[in-house]
Amino acid sequence: MNRPTASEDDRRYVLALGTPDRTGIVARISTFLAEVGGSIVEAAYHADADSGWFFTRQAVRASSIGLGLDELRERFATVAADLGPETEWTLHDTGVRKRIVLLVSKEGHCLHDLLGRAAGGELPADIAAVIGNHPDLEEVTRQHGIDFHYVSFPKDPAERGPAFEQVRKLVDVHDPHAVVLARFMQVLPPDLCDHWAGRAINIHHSFLPSFVGARPYHQAFARGVKLIGATCHYVTAELDAGPIIEQDVIRVDHADEVRDMVRQGRDIEKLVLARGLRWHLEDRVLVHGRKTVVFS
Amino acid sequence: MNRPTASEDDRRYVLALGTPDRTGIVARISTFLAEVGGSIVEAAYHADADSGWFFTRQAVRASSIGLGLDELRERFATVAADLGPETEWTLHDTGVRKRIVLLVSKEGHCLHDLLGRAAGGELPADIAAVIGNHPDLEEVTRQHGIDFHYVSFPKDPAERGPAFEQVRKLVDVHDPHAVVLARFMQVLPPDLCDHWAGRAINIHHSFLPSFVGARPYHQAFARGVKLIGATCHYVTAELDAGPIIEQDVIRVDHADEVRDMVRQGRDIEKLVLARGLRWHLEDRVLVHGRKTVVFS
Amino acid sequence: MNRPTASEDDRRYVLALGTPDRTGIVARISTFLAEVGGSIVEAAYHADADSGWFFTRQAVRASSIGLGLDELRERFATVAADLGPETEWTLHDTGVRKRIVLLVSKEGHCLHDLLGRAAGGELPADIAAVIGNHPDLEEVTRQHGIDFHYVSFPKDPAERGPAFEQVRKLVDVHDPHAVVLARFMQVLPPDLCDHWAGRAINIHHSFLPSFVGARPYHQAFARGVKLIGATCHYVTAELDAGPIIEQDVIRVDHADEVRDMVRQGRDIEKLVLARGLRWHLEDRVLVHGRKTVVFS
Amino acid sequence: MNRPTASEDDRRYVLALGTPDRTGIVARISTFLAEVGGSIVEAAYHADADSGWFFTRQAVRASSIGLGLDELRERFATVAADLGPETEWTLHDTGVRKRIVLLVSKEGHCLHDLLGRAAGGELPADIAAVIGNHPDLEEVTRQHGIDFHYVSFPKDPAERGPAFEQVRKLVDVHDPHAVVLARFMQVLPPDLCDHWAGRAINIHHSFLPSFVGARPYHQAFARGVKLIGATCHYVTAELDAGPIIEQDVIRVDHADEVRDMVRQGRDIEKLVLARGLRWHLEDRVLVHGRKTVVFS
């Protein structure tokens, strides 16, 4: 008998599901998984009292199920149908590598961090391309063997439509699972927010909802806060108001000038983006309304 | 039709279970809960790859089930039997108030903290009694309307047997769900560790396994660590080596002398003990071997 | 020869000073302290590039100086005069016990915490009185041997003037070093803010500037933040906008309802208030404009 | 008159000094600095009650002093002599770029992190060379335009002498201010510890003194701790026992296997090493016996 290889043994089918709550959902899903022989490796549930919805994420050892992904999806569709028409679900195979595209500007710390994680085999996705509205980060990107596209943005915001259109095309050719604004510093137009809804992820350099918009470290300095933070969130049409995936903070004091906050803040931005992106790519983030359920 | 009162609506049956892992456990349990009409409010699962065991905690709205606790236990026993003879489980009704007994010495910060939480309705248990090997904390205990028993301990450790025997009797009369060593500063004899196994909870003033034993802040100061911590753990016969429930740390620096560490450490001790005790009382802590699963 | 007792040895003269920055300030002050034989135990400096001001706090072993506090103040006044007319400074003797008055409402966790710290000898001040706009916390206050004054506040905010006048009198009779709004839940009128400027300290249950005003945990829940916090700040006429002394946060997730945030937030409120108050009482907080310098 | 350029304005002379404590040290030093016109930008002091030593670090705007570094050192030597023969001090010019050499093995996360910081202009030193006992990290190092030297280490520890001798020569040619063991995984022989005393900096992947030696994440997993950490320390002949510069921790839980701890631990290792190294390079770390004073 063939023992699965280590990496084959690590392959998972990951189900993420949200549906209006009622009795018996867990029984319905777990009975189905037991019927197909699924060995559950991770399972998380959340019954949201506020919205009346139920959310679950289940990771099943792929080798324990004698079905391909398509067949499993087909069979699970009947379970989902039983749970009602509002049910939202995805079913992914971790053996199929995901793709991400990064949008950058001049600040390279988040890019460097993600490139380093990719090189170390830590990122659960391939970086398909990097797109910059400045050419500064082209060299480091290419050194890692990744395509870099420079798109020039006009000074006048009113004239940036064609530039965004070009970005959209460069991104969409990869059909990525995540479009990461890694300190991109450009506000996406509403149609792009819609187009990439649930896939466009931003890192904002403040602990939202404090210090929305431009120059948050300057705002933090002026207010005299004792902690600064960063927020990883889905991009929506309303600036810095999308569903929050992850946040963290770091202590500062009176001796820290704006440039010190900028420097220390970078470490938090890197961490928060890396964590949020990882959870997104592992189907650990379920969005409902303005909020997220994160099965971290 | 009677609507359950708010507090009746908050009443839960809480199942905590561990068993050797195999396919179908979740289906078996959730199907049972669905059959008795159980509305699951919280559910957590953990399949432990290292030990090959499976753990779960489920909180069900009591009002959704048309059975009393005893009948529910009886019915669930057949499910547990199906899961095999090694299965360990408890089923509690949050409507039945738990009891705890505190063992203290001279240092009052943990006692004050727990009394304050009890007064604020935050503690999910009643403090049945406080026992001290010094009389210092008698007054504050009595002011809160709680019995205090002073048990004198001889200087010579070899002669403390009768004192511990007296403590055992004073504790056992309450048949408590937790015996909390709230900075008790006495090492329990092995037979008491056995007798209260899984119920005796200690707060140690270091980040274990660093600085086992006496005067951990002095040890931390001598080593020059940059963080100090506290550890809440179950008491076992091996000193400071029982299963860890919760830990946390706080930053110190070169300017902090031992007395500063003692002062700052108190805040961490209070927090860590309060969190660990709460989780224990809410059946969120499952012990397996030297380690815990904490569904916090 | 008499050796000073331990507590006499711990007595300090504490100088806190702010002045427009220029070369030689440290030399001027430290030369003065050396001349009077002062053994410096703690010294901290901050040159604020943004405001162009210089701040320092120095703690000198009182027994090393052959002068009483009044004489020392008189002599230092000539140094301060040399530093220019804008110079602000205080000089305190830690051997003279400070006094604080607490304002409370119904929520008792901050009061319990401060009473526990006072009982444990940890608070560097005496609690002279507690004033409540509800009688709920009278009993626990009196159990600790502290006077409690109940002041009834009318429903209509427009009619609360006399109540605030009564509070002012009850406070001012103690001439306290700090008036602590320990979850007082009433907005001080501007004249009281002025009257207690630099002494009135509030604990706000959010990470300001997020969630100003009422029901911050509800606001945090609605926004879906991943950390909640608390802020200790001086009270000014603009609501929740005074100089921040200390802040901290705690992690929450999607499973935490508002009441869970309220419960977990209490622990942060207690810690942040205790730290901020301690620093204030130890003359570690220097206010300049809307911001603080904290020599913690 | 020429205004100094922005970067000239940022140039500092940094004095770091330790000496047995006595009255008048601050006055002596600050009077000297005032006499040479020094504008103090940062100043920190610590009187260590335990050892009876006094430590200070002062950063002075270089442009405010009409002396070159050599002349300033010569003049300050007379001040230091007055403070007694045990006095230890350094005086650096931040306008003179420091050099570091990195020792690596196969794990690249700390190297990637430091290369990214260097590329972003964040590191206060140049990476002069990277030396690896495996060739794995050669390519990424060279992509950043930095020399990489591969030194083969024999399996048998007893035969590694020549390899260490080769490493010593490759390092010493750069006369570096820091020799960073960025997950080097080789224990330095005692003579190299002595040779690089105060300059060899290690990152250990545990919260020392817990889990000294090999495979600390496995040890942490086996013990069931609830936080894992990393420690940046000076290398001494006793394994993992040198003076600690910085430590930090991250929360883990029962669901984290060893490989999860390894992954999450990397983020803490990177941060702790980057912070510790930065402080070392900015002369913020003063070693005394087994401990450090860190003016961060």
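Note that the chains are named A, B, C and D in the order they appear, and that numbering of residues resets to 1 at the start of each chain.
Just so it is clear, contacts are C-beta pairs under 8 Å (C-beta built on N, C-alpha and C of every residue); 3 or more make two chains touch, one makes a residue touch a chain.
Keep in mind it's a predicted model, so treat the numbers as computed, not measured.
Under the contact definition stated at the top, the chains bordering both chain A and chain B are C, D.
Per-chain Cα centroids separate chain B from chain D by 42 Å. Centroid to centroid, with C-alpha atoms defining each point, chain B and chain C lie 35 Å apart.
For chain D, residues that reach two or more other chains under the stated contact definition are 42, 49, 255.
If you draw each protein chain as a dot and join the dots that touch, every dot ends up joined to every other dot.
Put simply, chain D touches chain A in their complex at residues 42, 107-109, 112-113, 115-116, 119-120, 122, 140, 143-144, 255, 263, 266-267, 271, 274. The touching residues of chain D, counted against chain B in their complex, run 46, 48-50, 207-211, 221-227, 229, 243-249, 253-255, 257, 290-294, 296.
Those residues of chain A whose C-beta lies close enough to touch chain B in the complex are 23-24, 26-27, 30-31, 33-34, 37-45, 47, 49, 64.
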